[in-house]
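These are the structures, in structure tokens.
First chain A sits with chain B, and in the next complex the same chain sits with chain C.
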Partner chain A sequence: MSHSLIKLEYEILENDFSRAGEASSNMKKMLTHLGINSKIIRKAAIVTYEAEMNIVIHSKGGKIFVTVSPECIEIVAKDKGPGIKDLDLAMQEGYSTAPNDVRELGFGAGMGLPNMRKFCDDFEILSSEGNETCVNMKIYLK
Partner chain B sequence: MNLKKVKESLNLEVIAGYNEEDKEVDGAYIGDLLSVVMSSANENNIWITIQTHLNIIAVATLVGTSCIIVAEGMEIDEETIKKANEINMPLFRSNLNSYRIACRLNDLGI
Partner chain C sequence: MGKYIHSVLLNEDKCIGCTHCMRRCPTEAIRVRNKKAHIIKERCVDCGECIRVCPSHAQDSITDSLDKLKEFKYNIAIPGITLYGQFSSKTDMNKVYEGIKMLGFDDVFDEGIAADILSVTIKDMIKNNNLPKPIISSFCPAVLRLIQVRFSSLIDNIITVESAMEVAGRIAKDMAMKKYGYKKEEVGVFYLTPCPAKVTSIKNPIGIKDSSLDGAIAINKIYGEIVKKMKDVESICEYERATPNGIGWARVGGQSYSIDVDNYIAVDGIENVINILEEIELGKLDGVVFFEGLACIGGCVGGPLNVENPFIAKSIIRELSTKATEKEYKSSIYTEDEHIDYYLKNEFINWTENIEPKGILTLDDDIQKAIEKFEKIEEILDFLPGLDCGSCGAPTCRALAEDVVRGFANVEDCIFK
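On to the complex of A and B.
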């Protein structure tokens, strides 16, 4: 009855650009070892990278939880706030609140959340101003 | 085509991570906005960019690019060079701009 689950947890620090991308790179490596289809790994890598960068750029830090089951890869990104004021706006391609110094580095294209929604099968985001943001994404293996 | 042919034909400056001359290259992608590169570049592409900070190595690894060519002779962060060496991501530099690099790759049949 019980299927084997693999659980990963990554701590993401606010403004830590030096380690940014490590969580998603590590996850990609792990999924590759598991022999998961490369197209699915690519989707998981994109959404996790975007979630990771969003936590680094916009939040006070947070965590990413990855669970791999025989059915799907579930990625949950949870931060410590400060929350998103207007979710509809934030979901629009090209809309960004990233500061200029971050944009100069090639971030803040306003593609983060849209990319997450585009490359996963199930997408759910919970956030409001002054609260934490939680993004829940699933990519099915079959 | 392999990386050695590309490197020699374009006279690329080797910056870091170039340990595998036979590494296969397939197509090229130009981009400086990391999210767009993440979603549009393909595995084994040559990635041409003017971004030089550490995070380009993470993006290149996640996409699985065959190498990075930094265009316009841009200065490259020490941390980026260190990381590229650490994970064997070939990092080259050219004084040409992205378009000229792409033209040269096109001449090579890429």
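On to the complex of A and C.
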């Protein structure tokens, strides 16, 4: 086992569309420097971007933590609420509560969470109404 | 393999070390050391941005001179489609071609004819194939190299057909060999190029083993001579020429228009292309069918080795490619179906080689070591002022930190240290 780890942290603000995508694109550059296979990088970028956008659109802001070891990329997205009432429903393809103005920007297809689950090897989401939402995702490198 | 990497070149005597080019380069390929700019050749995608911004014209491109024609028995010029935009829309292109011939060529073959053929091919491929979307145009070699370097997960989206230049070269050579019985090595095919990227794709092609072209001559190096010779032209032949559709390929959107897809994105300018490729990588443009990305503003009319102002050239191309009243040129190659079939069947068009990603940004092949190096970069970065002032000779503080870790620079290069 190795001891080398890269830990990065990104602050994500509620409704801040102008900086949206910064965390995923920054992470992508880092993974490129590490020489990780481009298909894996693409998966990691997609899930991070979706998590980032969910924090921007649906929450009161939060953070994304990325940890990279030679074995695995781990992405944790944690926000300050308001949480998700019905998780099973939220995980369904096409389910979205995104308001109209956000849909006009091209979001709100209800595909974010399903795609996160699809593109990572381990996916876990913890949330309930009135509480924070925490998404934990892992993509293995070996 | 792969010794010849790029065609943009720097004239050290002219370089004043001003850092304009370094700040502009989209792949951070330029460093200024001892008051002279240097290009890290593996990183250069030949977009030509540095040529455009250099105030002392120290950045140039490696191209061939007319002397090289002496190596062949029969020489054909393939003018890049942008040549149409370098003359007024009233100019008889046949006369231009006569002028080109008087410089030592035996024949001239319009690149636009290949664009017409490719329009048919690409249209069919899009219709029949289950290709990953969006399909990315393979036309601009600077964009192809950019994808290899920075967006290698999108390599499978690139349509596997050769560029119009290459297809034109193959057809022209093939026709001369058949018509006059020359051997392959006796026929010289030269591209009149608007950009260094095309030069590189002749010397070091992507997707095929060898290029059928034998050299490239910069449009701006022979334009004056063509104009001079045109005054002495006595008789003018009718040359095979592209249709308005084919001519339209010289400006951004022309390809997309000619292949007749509804849902396309056509983007010009290398930074804009980078932004769209980022979006494609995130899967945000999966509904788009075709992506036409061109490194130069306006498309090839904006190539750094052209003569005419890109916007004027673009408007000339627009006029020629949309004007229904103009005499419509149709080459027999394009209109006679059996010709198209012949050139399709004989693999004039398809790629034969896979494109490999280029891991030039990788810090170390061993991920363990790469992680350690990355941590070191972050450590150094904490200690640099973060102004990205460029005085150290690297485009950003991060680039300096990276250079230090790669062993190319010292932290003391930072003027604040």
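In this text, the second predicted complex is superposed on the first by the 140 of 142 C-alpha atoms of A that agree within 3 Å, B and C clash if a C-alpha of one lies under 4 Å from a C-alpha of the other, contacts with A are read in each partner's own complex, and residues count from 1 in each chain.
Assume contacts are C-beta pairs under 8 Å (C-beta built on N, C-alpha and C of every residue); 3 or more make two chains touch, one makes a residue touch a chain.
All of these numbers come straight from a predicted model, not from anything done at the bench.
Student: Can A:118 be said to touch chain B (first), chain C (second), both, or neither?
Tutor: Only chain B is touched by A:118; chain C is not.
Student: Quick one: is A:17 in contact with chain B, with chain C, with both, or with neither? Answer first, second, both or neither.
Tutor: First partner only.
Student: Is A:6 in contact with chain B, with chain C, with both, or with neither (first, second, both, neither)?
Tutor: A:6: touches chain C, not chain B.
Student: Go through the superposed model and pick first if A:100 touches only chain B, second if only chain C, both, or neither.
Tutor: neither
Student: Touching A:49 in the superposition: chain B (first), chain C (second), both, neither?
Tutor: Touch status of A:49: both partners.
Student: Given the touch rule stated above, what does A:33 touch, chain B (first), chain C (second), both, or neither?
Tutor: After superposition on chain A, A:33 lies in contact with chain C alone.
Student: Just chain B (first), just chain C (second), both, or neither: which does A:141 touch?
Tutor: second
Student: Thinking of the overlay built on chain A, is A:68 touched by chain B (first), by chain C (second), by both, or by neither?
Tutor: second
Student: Determine where on chain A the residues touched by chain B overlap those touched by chain C, and list them.
Tutor: Residues 21, 24-25, 28, 38, 42, 45-46, 49, 106, 115, which sit in both footprints.
Student: Which residues of chain A touch chain B once you look at their complex with the stated criterion?
Tutor: 17-18, 20-22, 24-25, 28, 38, 42, 45-46, 49-50, 53, 105-107, 109, 111-112, 115, 118-119
Student: Name, in rising order, each residue of chain A that touches chain C in their complex.
Tutor: Residues of chain A touching chain C: 2, 4-6, 21, 24-25, 28, 30, 32-36, 38-39, 41-42, 45-46, 49, 68-70, 106, 115, 141.
Student: So in the complex, which bits of chain B are touching chain A?
Tutor: By the definition above, chain B touches chain A via 32-36, 38-39, 43, 49, 51, 53-59, 61-63, 79.
Student: Quick check: in the complex, which residue numbers of chain C touch chain A?
Tutor: Of all residues in chain C, those touching chain A are 150-153, 155, 278, 281-284, 357, 359, 361-365, 367-368, 370-375, 377, 402.
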